[in-house]
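In what follows, subunit A forms one complex with subunit B and a second complex with subunit C.
Let's turn to the complex of A and B:
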């Protein structure tokens, strides 16, 4: 055992982790080295499948079910975790090394109160009784700037918002004052305006207690705020590692450069139509979910023209997706009208004509769940061809191949695949082809790139843009990601709590932002600058803080 | 809280509606059978005139819907009419029989439910171990054998060869409680063997299913012991499916005991049903079916209520 003064807290060398799937073991992590000093924060960055989370969990001597640590050494505080007994590792977990997961909503047990899940760790490791744990929890909740710190712990997880839960989980990780905390994408599931608040509290509390941390994220701009040092991973291997400032100013590897060279794509802005004619017009829509007392949308009006992309921006719960439901007729409105080429549409999709159903199509965020897993690509694309266009036999086959060419997938290779045999980007392409198959003139894209890695997402955006030019399509592009909006939008509609707070041409709305909420949204997007968070905080403090702005 | 009350009320209303539909089906089914109570009472040698006269006397000449509502109204007040075979009031005939069936079911359940829960939790805890496999094979084997076969095997070994327990369970009223327990232990064991497998496997599956949840991984990463993870983190969230399968089996214990009761000559409702079918005592068959259906619906309603009140999201609304 080494002493507390040993500067090296964690030393991982030649770590190899394997996962079992399709009857064989695959390498997930291929010999990664990593060291961490006491009180130091290391950022792990990479795309999905880079092995970030796997390495983070391995630092606790843990491998997910179906995975195993195959080789290498993991030394925590001088203890070799690869050979330690389960009981030894159990005693370290929670007390010396703690974990903060991506989705706090899923990681809190729904059956127990938040504060009891906090105190459980303390009591279970024999570090205090319930009363002491409760007192400490309240103190930490206060330091993490949670509202009503003395009472909030006595609620159940589903009674607390995502941002507050994420703080509660950070508090839980701190309950035993561990030496090391693994933060696994702790803000990825949060809205941008909430994200910055949580990031600030995490950073401050880690500094206050001088806790070492591994901060895992796919977003370099966020890691840059949090980490002293950054390690870039790809395909389970390390690409490069250096101090945060050096990494940002002078990346050595090409792959690292591509990580922030993303969003190079920028749509060519067309001159505005001299005689604008609305393709789809949303006229003063108010809508309420069945059984709810308050409307989710109030007096929403906007217009989308042929060949134009209108981005709907807003945080979760702002009513973006609900608007899509009203336009497609899935949720009948209380008031107002949806017009397609000047013709009022029925509020229920069942009462709409086949022509209108065909002309308005939708693409979803989760390509996975939007396709029947047992249908082949041929069947998925074939259905709209048969249903809307009545194509059969050779004609259908010819059109299927055309569609595949349009989405840049080889028909010979892909037509007979199942969704499970496609990558995330390929699945989304098939979903796009399914929408195009109906020969629509208007497509609603609901967060279509949110579940994809940056480079893949960029490919999808380019594809959508090309299709728009070829087919003169109107897009309503729902997203919470400002970078995506910048890349693809002609016009922007900003929504907040079911209302349109700001809309207009992209440059009018964004450069510079006029409306307070648009400003808040834009300044909350992390920038590739380690000073960004401090700068924003200072600016907001100077203006009396964002709370004062009323959001 | 009002939310819960509303859901409970909805379930109750739905249960009553189901019962109404079932009563209709029972009545129609019985009416569609060839022959009726009048023919059964008078036997094959009766003249058409006497049969017709008896029909008028029994009210069987009335149109079906009138008979149905008369029957339903009577049943609601606890009056199921009189037995064709014995001329007794059906309600008093069924009363003791149903009490006997309930006694046997409760007896079997007090053995089977705790046994199944413990076996299931242990099987989830020691997943893929030798213990897990043995328990699975044994319970599956016992559920795969027909009830009468298990019953006769038990009789053969436990009472005929070993002589530990009586083979007949023909209890009379007024038998002391302990003697009653001894007499009914063998049928109760047979029922236990039939129902444990289901409940145990469901307990195991629900818990294992829950173990894939992120909050279980979180508990592991908090350094919580495995046994506590199962009892504190998995079980509280597993009640809904477990209670459902327990109740389904309780319903089986009450409704599905017909064969076991016949084998052990146990004077329960199931045996009465079989006897009445043989005697073409249709009013009794009708009443027994309705009681079975009501029990079934009531138990499932109970399962629904349990799964609602163990759901923290419903108990503690935002």
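Let's turn to the complex of A and C:
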């Protein structure tokens, strides 16, 4: 796509960015070099806090509020951005350099129609009038394969789906035909089946217009599809950089190798119990949110036994988390019953006995909102101990320390900390300890690893698995991530639009997938192979596309 | 010990306005507590002829009955500030408890409470409190109760709105699923998280209550004579202003300075807790 003689479009050398927090400046990016030719796509990969987004923004000569570019040089098209005036930079942004953010929903102004937000930039930069902008928008919408390209722009952001919105945002970035687009995790908030479609359209359109791009993601498999070259970052420093294929086949640095190897954990699947006795039984549940006319769950039935993990898989809106709410009694069902050890539970948590409240515990996706920011770890774990087990004084202290050791955190160091003084993984561990503190026999894990980096998530999965074996717990594991399911599940339940479409032992459901939707879900998971996307597209095209399948 | 040092550090870092505000509050509190020791005469003691000019004996002259103005300013700190403080506390207890309770319960409880508050707020508060004071009589108790209840509606709205953001958090679900009682959830889970905006509101609300009481006293419906009160003192000596005597401005200034001082401190507190900054 790009020849060696091309002048560099973007040249960043020794970039240093600092952020201000707790009354002092911290280095976020520590001297990173980066070059990009016209029409080239560079993938930036790393865990959270690696400085990926900060570098992406710095490429526009921009630093977030509370941050500043301390040193180095950023040359875009020969213009030095670190010394350029705000006025010059403003002229470049939007017209020559564009940015596509992670959450399109949060980046669009909800009060204006999509197409008007598109034409705003064009008109502002004096590249055309409203009519021309509209025509161009429709053309781009068509090229991005959005449905009804002539009309969709006249909707408001909340009237289109997340995937469409992310495409509309890409179209907006392309409106002035920029030389460089920065994609900051553009598909992270999307479902897997939508993600692949958005990825394809982004890749194609970038090629069509020969636009250079920086593609930022934490997911190596996705970057492998999109980028010509990959740069691995850690703690604000670059680890290594090479062409995509070389990087995949032959990573040099140890850290890069660990990134590749994270999906190795696999629990040993237990042989099925000869006499299955359901710990929790969900029997023909139908539930509706108050005020809604259509049910979110219809006729859902499943069983979870002691010591086994049942994964509930589905995309957003499939009713996975609602099922958790019904089981815990936060959302009373319209029809059906929840049984615990054969005893029917009341549909409202208020009417349930303390014993049942104690035995069914839940761990949440966002550990941040699952812990009171004003309580110390000691109080967070101590309350269930006092409440359910009536432990006080020394007994309580002893149990607190045991719990901390179970979750592999040093009691002396962590017991008196506030949640804000813990890392993401440590927070989730404390949440697990809180659930364990009640001595439950059944735990609902709602996307517990989704907000975590892969290495940290792996640690959490191992911990959950160990606790399961030690305490003979039953897990209901809600997730959208197939890799997680593969790692931890004994049984799988696939949900779509509030219904169970497929369920059974993991191997029965997945290898090979029988149900059409399960197949779609599985093939949509990006693989660590640059050819993956083309292969999947070819396969789907051969079968007449997924539209024909009805999803 | 640690906390003391922390507080001292924070104080040193505070902007000048906040330090001035704190100083003002400290002086007022000191005067209010030690009023009998500071004042040269008794609170309602008639010590000379009326409207005497400023002199060494009567620092700020005498009022319309011949009572020492300085003495009454000092006692006024006790009465006006004290009653305003009690009233604000009452408004906060009522409004805060009902506000959080409404947010936690939701449904009908919230609906009924909110509509009652709306009705109370629909009537102009000064006129409403004058009306109620006329009906129930102008004792200190009824003054505190009436203004406290009327002002609690504002606190209710703030407490409810801030609690609503907390009630949707997962940790509230966790507490509910544990089977905790409503009271425990309010005190342990919600209150610590909304205390910052509530404390800030306390400062502002205190000023409003204080001004309301002063205005009512000025209108003759507030703190009743012979109890010294700044609002009433402005009214009693108001005539002097036409004779080029600034004495009535002294109690008015006492009111104004405390209001400004409290607001300085509240601004600083808001800045500390929510990152609100004037400079940016």
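Here is the rule we use: the second predicted complex is superposed on the first by the 545 of 551 C-alpha atoms of A that agree within 3 Å, B and C clash if a C-alpha of one lies under 4 Å from a C-alpha of the other, contacts with A are read in each partner's own complex, and residues count from 1 in each chain.
Following the convention adopted for this analysis, a contact is a pair of C-beta atoms (placed from the backbone, for glycine too) under 8 Å apart; a residue touches a chain by one contact, two chains touch by 3 or more.
Here the structure is a predicted model, which is why all the values come from computation and not from measurement.
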| item | value |
| --- | --- |
| Touched partner set for A:93, first subunit B, second subunit C, both or neither | first |
| First, second, both or neither for A:62, with subunit B first and subunit C second | first |
| Partner chain in contact with A:125 - subunit B first, subunit C second, else both or neither | first |
| Per-residue contact with subunit A, leading partner among subunit C and subunit B | B |
| Partner chain(s) touched by A:384 [first = subunit B, second = subunit C, both, neither] | second |
| Which of subunit B and subunit C A:329 touches, first, second, both or neither | second |
| Touched partner set for A:277, first subunit B, second subunit C, both or neither | neither |
| Touched partner set for A:107, first subunit B, second subunit C, both or neither | first |
| Common ground on subunit A, meaning residues reached by subunit C in one complex and by subunit B in the other | none |
| Complex interface listing, subunit C residues touching subunit A | 169-171, 173-174, 176-180, 188-189, 192-193 |
| Subunit A-facing residues of subunit B, complex | 212-215, 217-225, 228, 232-233, 236-237, 312-313, 316-318 |
| Subunit C-touching residues of subunit A, taken from the complex the two chains share | 328-330, 349, 352, 354, 357, 362, 364, 366, 369-375, 383-384, 387-388, 434, 438 |
| Subunit B-touching residues of subunit A, taken from the complex the two chains share | 57, 60, 62, 64-65, 90-95, 98-99, 101, 103, 106-112, 120-121, 124-125, 155-156, 158-159, 172 |
